[in-house]
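Sharing a structure here in structure tokens format.
For reference, chains read A, B, C and D in written order, and residue numbers begin at 1 within each chain.
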Amino acid sequence: MTFIQKVWAIVWKDIASELRTKEMLLSMCLFSFLVLIVFNFTFDTGLKNLRENISGILWVAFIFSGLMGLGRSFGVERDKGTLHGLLLCPISPWGIYLGKMIGVFIFMVVMEIFTLSVFTVLYNINIIPFLLPLGLIIFLGTLGFATIGTVFSAMSATTKARDVMLSILVFPISVPMIIALVKATYIILWGGAIQEIYPWLKILIAFDLVFLLLAYLTFGFIIEE
Amino acid sequence: MTHNRAFLKVFQFVTFFMMLLALYAIFVYAPVEKSMGIIQKIFYLHVPSAFLAFFAFFITFIASILYLYKRDNRWDTIAFCSAEIGVIFCTIVLITGPIWAKPIWNVWWTWDPRLTTTLILWFIYVAYLMLRSVAGENRRSNFSAVFGIFGFVNVPITFLAIRLWRTIHPLVITGKGINISTPMIHTLIIAFVAFCLLFFWLLINRIGLEKMRLKVEEIRASIEDKIHLEHEKQGG
Amino acid sequence: MAGTLYLFAAFSITWLIIFVYIFSISRRQKTLERQIEKISEALRDRL
Amino acid sequence: MSKDNYIIEVRGLVKKFGFKTVLRKIDLSLKKGDLLVLFGPNGAGKTTLIQILSSLMLPTSGKVWIAGFDTGYDREALHKVIGVISHNTFLYNNLSAHENLKFYGRMYKVMNLRERIEEVIGLVGLRGYMNDHVQTFSRGMQQRLSVARAIIHDPLIFFLDEPFTGLDQHGVEDFKQILKKFRDQGKTIVMTSHDLDRGLELCTQAAILKSGNLVYKEDVSNISQDDFKDIYFQHTGEQKMPVYVY
């Protein structure tokens, strides 16, 4: 119980701090908006073959702007020198990891809700009927992304060329997740039978569980000096 | 030390001999495959390299776990050297793959699960090497060990995802089976052994080099330290 | 005939990569040996 | 493994960054209620030693026990009994003073947090600024709030790394009062300082660190400031106090 309270304190601190400036949330939302617009020009939206691409566009928007949030998650703590204060608190590394991870997750979800509504308008797709399965896929995808991203954010925050390094670490590892997300979203948006997404769901769940477990086992090694 | 060196000399000779034998087997002993023609001989390079790349990354994975468990820098060195050689073999796979594919299927690249997984693998371990070069000295070993574990655990998930993705999409290329005859199997085994020897020979040398580099750095640091202390003593 | 060309390309590139790598290892080894030589010379002078 | 009579026990501590040795075989033990000030020139390893004592860094070899806890293993338990103040305030700029204390108070699971925040914020003289954002604070005010942050869980042992940095004269006096109070309450304090006068005024023990070696460690309650200055110059080979630029 104490553990959950402490994790929640970290999440609360991140959210309260972000709500003061809204800097990160605004830039994440703006960025994903831009991605949607740019892709609209790159792939002529009038064409039928857009259907193939549209779920990809959505996830590119999610992941690229998610990456912005991730980079700042530990980056800000290190720049402002608060990381040591956090590390000195009586909480296990896993607790610090969970707190930061949930923070990133919540910011991403806010950005995703915004992006989805813009997406519905710009691409003329009614997502209301698919809200439930789509929500599940987005939940699993965002969780997986935050899971690996928080680990690599903690690593890259200490290195040179921080942002580039974060992308280089996150992208290759997230390949199976991205494939599963794009395919599952595609099936859902174009009215496929729900059974069709089961294999992808399995991959997503496996990905999330495996990497959460690995983060649990290894995060202590990342923050020690 | 001399014992070690003698062993290395013998090892080097055997490796060299096996490589020549493999070349002989590939070009003279093995028959030309019927449906693909002479180009099929790339197979003898491609397959052992792919296996060794995978094997090298497996060594990195195990050494990374052992490093975190035992906190012994030797494991870190082994993980790093193995990853570097793995990237070399992985590069060979990624170059010979398209060269093989082009004359047979008339495309350079196919998003075949194995080839695509190899490409992702290449990216992961190039990222591993980059992480090592940018991470601070007292964090490098821990970071790369964690990433080495993440990267390898990711491989089967990636393979499954890509396979699922390809089977749902219509395959542009349907793999033509190779009609394997006994001499071909012999040749493959010889090439396999030769490449394995080459791999271990490279690994031993690379680890030796890394250990030597660390030793020189240590000696240099301790000399600088001594000079610094002596200087201070004279100053005071 | 084209097949032979591709085959040649594949083998030569593979060997090239391996030899360049071996060469780079041996060059780094030589550099280190030279450094060791320098260090031990410097130490001999001091003694 | 804990030594009952010592609250801080350091045995054969070595710290290396890569191959660069920063601390060489340090042995140090302190009793409950001691106030140790670590002096030493720039780059002597003072900050590294404080960071290892507060478990932010692991030793390369050697052992450190703080209040009986091994810094490598019992970190969570250890963190509950130590308070750390450095020139880095560990405060979140976008949050108010109250919110910062609330966050740290929750992390330390402080009972009656509301009253405790009132109490510590009064102690450092920032009662009127409770709801102001930290980024509007002057350096001196931030450092005061940092003190409040460090004492919110009422730790037994304090590690202070250049705590006077950025404080004005008034702030220094207040801070000394706080330190005296801690000392009288029987808290153990380890502190680094480049300021001989301010440091000596308070301490019961003084140590000098030079190039990673602990060259001097004595009870200085009976040594005059001038005598200690001679000792300091003799041990460090410096002609005058180092000039610090922050």
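In the analysis below, a residue touches a chain if its C-beta (ideal position, glycine included) is under 8 Å from a C-beta of that chain, and two chains touch if they have at least 3 such contacts.
For clarity, every value in this text was computed on a predicted model and none was experimentally measured.
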Chain whose average C-alpha position is farthest from chain B's own: D
Chain pair, A-D or B-D, that carries the greater number of C-beta contacts: A-D
Separation of mean Cα positions, chain C and chain A [Å, integer]: 43
For chain A paired with chain D, centre-to-centre distance based on mean C-alpha positions, whole Å: 39
Chain centre separation (chain B, chain D; CA means) in Å: 49
Centre-of-Cα separation between chain C and chain B, whole angstrom: 17
Multi-chain contact residues (two or more partners), chain A: 224-225
Contact pairs between chains, per stated definition: A-B, A-D, B-C, B-D
Sites on chain A touched by chain D in the complex: 2, 5-6, 9-10, 12-13, 16-18, 20-21, 80-82, 84-92, 224-225
Complex interface listing, chain A residues touching chain B: 148, 151, 155, 158-161, 165, 168-169, 171-173, 175-177, 179-180, 183, 199-200, 203, 206-207, 210-211, 214, 218, 221-222, 224-225
Residue ranges of chain B in contact with chain D within the complex: 137-138, 217-218, 220-222, 225, 228-229, 232-233, 235-236
Sites on chain B touched by chain C in the complex: 37-39, 41-42, 45, 49, 85, 88, 91-92, 95-96, 99-100, 102-103, 198, 202, 205-206, 209, 212-213, 216, 219-220, 223
Complex contacts: residues of chain D adjacent to chain B: 17-21, 210-211, 236-237
